[in-house]
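Each structure below appears as structure tokens.
Two complexes follow with subunit A in common, the first pairing it with subunit B and the second with subunit C.
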Partner chain A sequence: MRAKTLRHLIVVGLIVLWELLPRAGLIPELFLPSLSSTLLAGWNEAAEYGHALAVTLYEVAVSMAFACGGGILLGAIVGSLPRPRLLIMPMVSSLYAVPLVILYPVFTVWLGIGSESKIAFASIYGFLPTMLATAAGIQTIDPQLLLAARSMGATLNQRLVRVIIPAAIPTVLSGLRVGGALVIVGVVVSEMLISSAGIGYLISRYRTILDSPHVFAGVLLVLFMAIAFNTAIRWIERKAAIWQTGMRAGQNAADEIGSGAMQPAT
Partner chain B sequence: MQPLANVTPLKPPPRAGAIEVRNVGQVFRTRSQDVVALEDVSLDIKPGRFVVLVGPSGCGKSTLLMMMAGLRAQTSGTITINGAPIPQPDPDRVGVVFQEPSLFPWLTAEDNVEFPLALRGVAKAERRDKAQDMLKLVGLDGFGRRHPHELSGGMKQRVSIARGLVQDPPVLLMDEPFAALDEQTRMTMGDELLRIWATTGKTVVFVTHSLTEAVYLADEVIVMSPRPGRIVDHLQVPLPRPRTYEMLSGDAFGALRDRIWRHIRKSA
Partner chain C sequence: MQATLTIKLARVAIVIAIFALWEVLSRTGLVNSRLLPPASDTLATLADLLQRASVQNDLMVTASEVLAAFALAVPFGALIGFLLAENRYFADVAKPLLFFAFSIPKSIFLPMFILVFGVGFAQKVGFGFFSTIFIVIMSTTTAVESVKVEHLTVARSYGATRAQTAFRVYLPSMLPVLLEALRISMIFNLTGVILAEMYASRDGIGHQIATWGENFQMKQLLAGVVMVAAIAMTFNELIRWVETRCSHWRT
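Now for the complex of A and B:
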């Protein structure tokens, strides 16, 4: 409770500083425009930002579907069958060490500078951690639970629906958390590099004309997107009735991914 | 009209809980050689008996138990429960309790106990009633809403026993169920198990490493030798019931434990 209040105080403090420091002239407006001028810049160009947000959200949504759907599907196959695992896992693991962003120019050649190249890049970017986490989640299911289910007469289908899927949910969700965040990163970064629309494109265009308030307005939008995504994942986790022990297993996997053991090279 | 006594029943009356093991062998084939895990094991267990399998690690006692549960196929020989073979698990005839409680962590205690019934599509109300009865039987009345991580090791194993009994099978197979518990809990659970056994009249086959536990619980102790697993002794435990803590230090108890120990020492 106290930690929470403190956290809120820190956020409020940062917001106040954001407004006061540039206003007092301690930080030049070019480096950090004040919060009010950032919001005003965003408000004045609301239509432009709205359109850019729509483009970016569309790209994120489609990439998320590809990354998460594909990641869970392939992760489940790779996690439950040893032969594909032997074939695919070493490839995926070394692919994970490659800075995938080098592929983006290739995608623009293949797919053009529209949404397709962003979706392709972000999908692959978010797909890998989702797949790895799902595979790990399925592989780490306690075989004793499956044996117990079998002793109670569970059929293969029942074991899948009543044991394997619920047991894998925490790890899969932690994979979605990382994979989904990377999808947002992938979309925004690719928009900043080569594109003609989207928030990333706006940020980089306003940066070239040194219009800091408009740059920061874009940054703020990306920030809100990330926070909204995180809140949504938390909501799903609660809805999925994450139990204590499972939560811990999922948390460990998330920590492992977060601590750099499975960190992608950007 | 024909007198009822002359009508032949369609099925012979079930020999509730009888287990017959006939010349069972198990060979594990590895690339370099064949390992004989069990060799020519024959055994008759009468309904309602409490039978303990003991032996050193690797004597195949757990393997034998898994075969009785229909969880593993033997290489040769036959196993029948109530007169019929058991090619796959049949929760109507056999309940199994493992060393790990193997409870599903995302289900409450009562949902765990209901699980085998849910697999068969038993209606919710009936499931709940049976689960409550079972939890009461194992002394966990009022703990049904807890998740496994909110229960102690002994309580988890009680839930596991309740789950094994919920379909009212005549046979309960237990694979070192108390091995992971501390000494005190283990003693209490032994007494609890004997009480449950006395109330339900099940045939219990119990695998353990502990000689004291074996003699304390059993009507009969079956001693097995290490690879190839064979039955080297089959002894009756004539101690009266209920078993008490004082018996542990008695001469009769000591003599039985020594006899088992001599077999095991010889083979170890």
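Now for the complex of A and C:
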């Protein structure tokens, strides 16, 4: 059997099992409600989920602007100057080892349990990978390209717009993909911990009353959000591939970010 | 040599500057000292906390959960990763699925672990295992793939036995990548366990930090944050140091 067919069969099989096992009583409904009852639970409370989704999306959008804007700006500065790069990069990757979740209680004390504390937490959560990716993207630009541009008399502006930005785009995009996913996780996790609105809050509330179908409906919703975001960025990445200058180093950096070597835990 | 020393000094200076800024902001009243107690007070609180039996107990609980999850996830994940790298058909089938599982956020599945295991040791270990296993699988695959085919061919043509190939070729070439994998999976594991403790728990350092936060005990809260950060960074640097010692094996 071809690998692809078998893979599709496995996926279909898992979905069917998800429906059948709880129905047959092999797995208690509390542990794993069947697919149909999960979807039904989500559908019945569509208004509530929709409202929560709006809150979460708003928080995600604001944090994304902070995390990506700040990350790209600082990453460009750190990446283009050799001295701060040597100085700061090892410190930043050491910061990676710290479980950032422990900062969330600090933000709740400072900013309260509203949207502000979630935005602050998620921005910090998504900031590091975006910054590291941008710094790596700027560093891996082929020096030959810069040399060629300079020897043909390109001004700094021209070099920036025509060489540096196009060459850095693929790496920056993969940083955005990881950073954006982390922003979504950061918002939902902080809502799950302490909050009064949003999808994470709904999941936690239904969890405390042991209403599994509603918990799973919320989890599915977040999953779809993460997958939709991922797909959108991948689509842009493919569109931007024409700018790929064929640099092995740039590709490696992009792979490294994507494969989790530079990704904080979620 | 001179340059590396300067850079090291500059890094120490940056860390000291951050603590000094923290101290000054709080002492001069620019920031409400109830929201941000001075650094010196926080460090004093940290020293005091480390003496307390309850905090030591919490640290032990967290450490045992982290170690249990790690001891389960690493061999299991390494086995799957090895099979994945060695068997082409299995890899073709499972790799895209695993990559997908790797790319989705793990934290949102935390409530499911509570529904299944209840609140307790098993739930933390389970979630730690779940958040670590995928990264172990992926790193092991990378490690096996980093073994050069030429080296294997040479070993085989000189008649190396299976054990010799495993210990003389596979292990030395894989070791640096494996150490890197261990470091990263430990980060994932620690984050998973601490998140699980903060979410729903009766003990553990994550639970303690969440409680301090809810009670507005800023000194204890910040001391806890500094403590966990210091532990995580120390472990990270330790493995990195071993990594640089092993790097002469990298081919």
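Note that in this section the second predicted complex is superposed on the first by the 228 of 266 C-alpha atoms of A that agree within 3 Å, B and C clash if a C-alpha of one lies under 4 Å from a C-alpha of the other, contacts with A are read in each partner's own complex, and residues count from 1 in each chain.
Going forward, a contact is a pair of C-beta atoms (placed from the backbone, for glycine too) under 8 Å apart; a residue touches a chain by one contact, two chains touch by 3 or more.
Keep in mind the model is a prediction, meaning the values are calculated, not measured.
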First (subunit B), second (subunit C), both or neither touched by A:I227: second
Touching partner for A:P166 - first (subunit B), second (subunit C), both, neither: first
More subunit A residues in contact [subunit B versus subunit C]: C
Partner chain(s) touched by A:V219 [first = subunit B, second = subunit C, both, neither]: second
Partner chain in contact with A:V101 - subunit B first, subunit C second, else both or neither: second
Which of subunit B and subunit C A:G25 touches, first, second, both or neither: neither
Touching residues (chain side subunit A, partner subunit C) in the complex: 3-4, 6-7, 10-11, 30-31, 86-87, 90-91, 94-106, 108-110, 181, 184-185, 188-189, 192-194, 200, 203-204, 207, 210, 212, 215-216, 219, 222-223, 226-227, 230, 259-261, 264-266
Complex interface listing, subunit B residues touching subunit A: 69-71, 89-91, 94, 96, 98, 100, 102, 104-106, 115-116, 118-120, 147-150, 163
Complex contact set, residues of subunit A against subunit B: 142, 144-145, 147-154, 158, 162-163, 166-167, 169, 241, 243-246
Complex contact set, residues of subunit C against subunit A: 7, 10-11, 14, 35, 89, 92-94, 96-97, 102-112, 114-116, 131, 135, 138, 142, 180, 183-184, 187-192, 194-195, 198-199, 206, 209-210, 212-214, 216, 218, 221-222, 224-225, 228-229, 232-233, 235-237
